[in-house]
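Next, two complexes with chain A in common: one pairs it with chain B, the other with chain C.
And now, the complex of A and B:
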């Protein structure tokens, strides 16, 4: 019942955006894409791994597909799922070789590395060099298609992620997130749980990245920007860890970004910086006071 | 049932366990006592797969379980309970006990079985309390019930009475007696032999990494 209500709220917001005009229809697609990144980030957080490099999971499959698209549509179709899985495997290796704190920095470094390297990637097509800072053209879907694809993806992935988290496997994920050693001691195959969770998270982010590429019909190095990596952290922080509220806070943040950046370009970055600086305070306020308020209600 | 043969373990050249030999039969409770730092926890962790022994064998019902991963050792039927409890803090008492059962049963079935276990041990009132809100004594109970939940071949209880006041120690002992009556095999380490004198059928003294049999 609760899940039904949550999905209904998302659909109402979507329909309101759809009928409010083409700008809001497009904005909702963007909101849904960013909400997908947040769901993916939260999913990985459940196993105790905070990623600060989700831009890699988001951008790499789309970027590789876009390069392949220059040569053939089929090649791009094959490489997309392959890169999604490989990105997940890369994050799993990171989780194997690092502790929880080092994982945060390693994922951040990996995504920043791609952000730096991507503008240097050029390929030859029909005798001319393309790519670099300009990026690559990609298959462009119509705004209606993107709107419905984003909405369907968001609803399906949200319901799927919620279902997994409340299942037996979800309990194992939470146990691993709480204490890996204790999880091993009760017979949980921690590596299997982590691998599955991270690959699922990679799939969710990869879908968001693909929708983003289809929406703009173009992929550049900006898909690896730090802002995309910070976004789910901020959205999650503002939501107090609630999966549904983190979707809503993602919507809010995308809306806020448009509004702030229209006042002064880059103003949203100042907002992100302030949230990060004051994150312990905000976390305390949202988690402790928020919980007390919910308990009172 | 469980045999430990010529097991040794050292950390950076410092020998913690030296050529350990002992065994436990089905339904037995065995006590291992010794001063702090004598290697009791390391011995249990080696059996549980949490530490790798340098040499020696651990045989469970004719199967060599030496060097298996911890979850594989648990699947074989040997479960370890930590000296300092490690509850899953985001879960309730009931869910903590249900987690090991979920390896064999569906979620709802596991939760039902866990509730039955809590009722059997008169702990039903703690079922919905989150692990992070439990007292020290309750956390110890949780740690041991979590190990017991799947009725393993052998439970390895690492200093279960450490840092418990008398009331909680007696409460825990009552629960262990119920498990003993069900023929649950247990290896219990302690630095106070007296507290488990009426639980264990045999004792081993571990001192300086050497295990000596005693009554």
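And now, the complex of A and C:
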């Protein structure tokens, strides 16, 4: 019943955006894409891994597909799922070779490295160099298609993630998140749980990246930006740890970004930075107050 | 070519040293250094006075140290706060100076990097060979135990952040004439410095030996890759 209510709220927001005009329809698509990143991030957080480099999972499949798209559509189709899985495997390797704290650093550094390196990537097509800071053209879907695709993806992935988290496997994920050694002791295959959770998270983020590329018809190095990496952290921080509220806070953040940036370009980034600086205080405050509020409701 | 190699080696080693110092003494990965470097470059363009770069770097470093020491309880919290602080500097620069790139064509301050790097190397060596060096090694190996034995760890952490911030801002100032100045100009150096610092940490040296290994690795990596990022 609770899940039904949550999905209904998302659909009502979607319908309101659809009928409000083409700008709001497009804005909802973007909100849904960013909400997908947050769902993916929360999913990985359940196994106790806080990723600060989700831009890699989000951007890499789309970026590689866009490069391949310059040569052939088929190659792009093959490389996309392959890169989604490989990105997931990369994060799994990170989780194997590092502890929880070092995982935060390694994922962030990996995504910033891509962000710095990507503008230097150029390929030759028909004797012309393309890529670099400009990026690569990609297949562009119509706004109606993107709207419905992002809405369906959001609803399906949200329900699927909630279902997994409340299943037996979800309890294993929570157990691994709480204490890996104790989970091993009670017979949970920790590596299998971590691998499955990270690859699922990679798939969710990869879908968001693909929708983003289809929406803009273009992929540049900005898909690896720090802003995308920190977005799910900020959204989750402002929602006090509730999965549904983190989707709503993602909507709110995207809406706020459009509003603030229309006042002065770059204003939203200053807001993000301030939230990060004071995140230790904000996190505690929102989490405690939010939990009390949710308990009251 | 040789000059270019030296410049790359100097900036890489200074960046790696400041990252190592912050991680070992202040106990967090200081991701704001990219912002400090960018701030130094902008100061070079708009107010070409190295004293301003040093003072502003120290002042903002003090602000960062207050946030890290007062608000953050864990290494992850401090690292995320420092990332936010760096982004705040970077975004503010973008916010104020909307132009994408700035170039300094009238003068060249890059020669200052040679004496400045030597001063940084010498200062670290002298610091670790002095009486304070013992306290620093104590803080490096176990900060809680160091505090129990009477080392003022708050001062050590605060001074590390202030001095490294000022140093990186100064190097941003010095290198500005060699670079296209943008708010994100420091990120490549930051990442390269983290890579060198992480490699050096694997050697498991303590005290001055660690910093010597950082400089040696910076030299080797610059020789192999040139500018890494």
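Simple rule for what comes next: the second predicted complex is superposed on the first by the 295 of 297 C-alpha atoms of A that agree within 3 Å, B and C clash if a C-alpha of one lies under 4 Å from a C-alpha of the other, contacts with A are read in each partner's own complex, and residues count from 1 in each chain.
Criterion: contacts are C-beta pairs under 8 Å (C-beta built on N, C-alpha and C of every residue); 3 or more make two chains touch, one makes a residue touch a chain.
This structure is a prediction, so every number in the text was calculated from the model and none was measured.
By the touch criterion defined above, A:263 lies against neither chain B nor chain C after alignment on the C-alpha atoms of chain A. By the touch criterion stated above, A:184 is placed in contact with chain B alone, chain C being left untouched. Legend: residue contacts after superposition of the two complexes on their common chain; A:175 is shown touching chain B, with no touch to chain C.
Applying the stated contact rule after C-alpha superposition, one finds that A:1 touches neither chain B nor chain C. When the shared chain is aligned, no partner comes close enough to touch A:129: not chain B, not chain C. Chain A is touched at more residues by one of its partners, and among chain B and chain C that partner is C.
Of the residues of chain A, not a single one touches chain B in one of the two structures and chain C in the other. Contacts from chain B toward chain A in the complex involve residues 48-50, 69-71, 74-75, 79-82, 86-91, 95, 98-100, 102-103, 106-107, 110, 146-147, 150.
Across the complex, chain A meets chain C through its residues 50, 52, 101, 104-105, 108-109, 112-113, 115-117, 226, 230, 233, 264-267, 269-270, 272-281. Those residues of chain C that touch chain A in the shared complex are 29, 31, 67, 71-77, 79-81, 83-85, 87-88, 90-92, 94-95, 98, 187-188, 190-191, 194-195, 229.
Remark: chain A residues 167-168, 171-172, 174-175, 177-179, 181-190 touch chain B in the complex.
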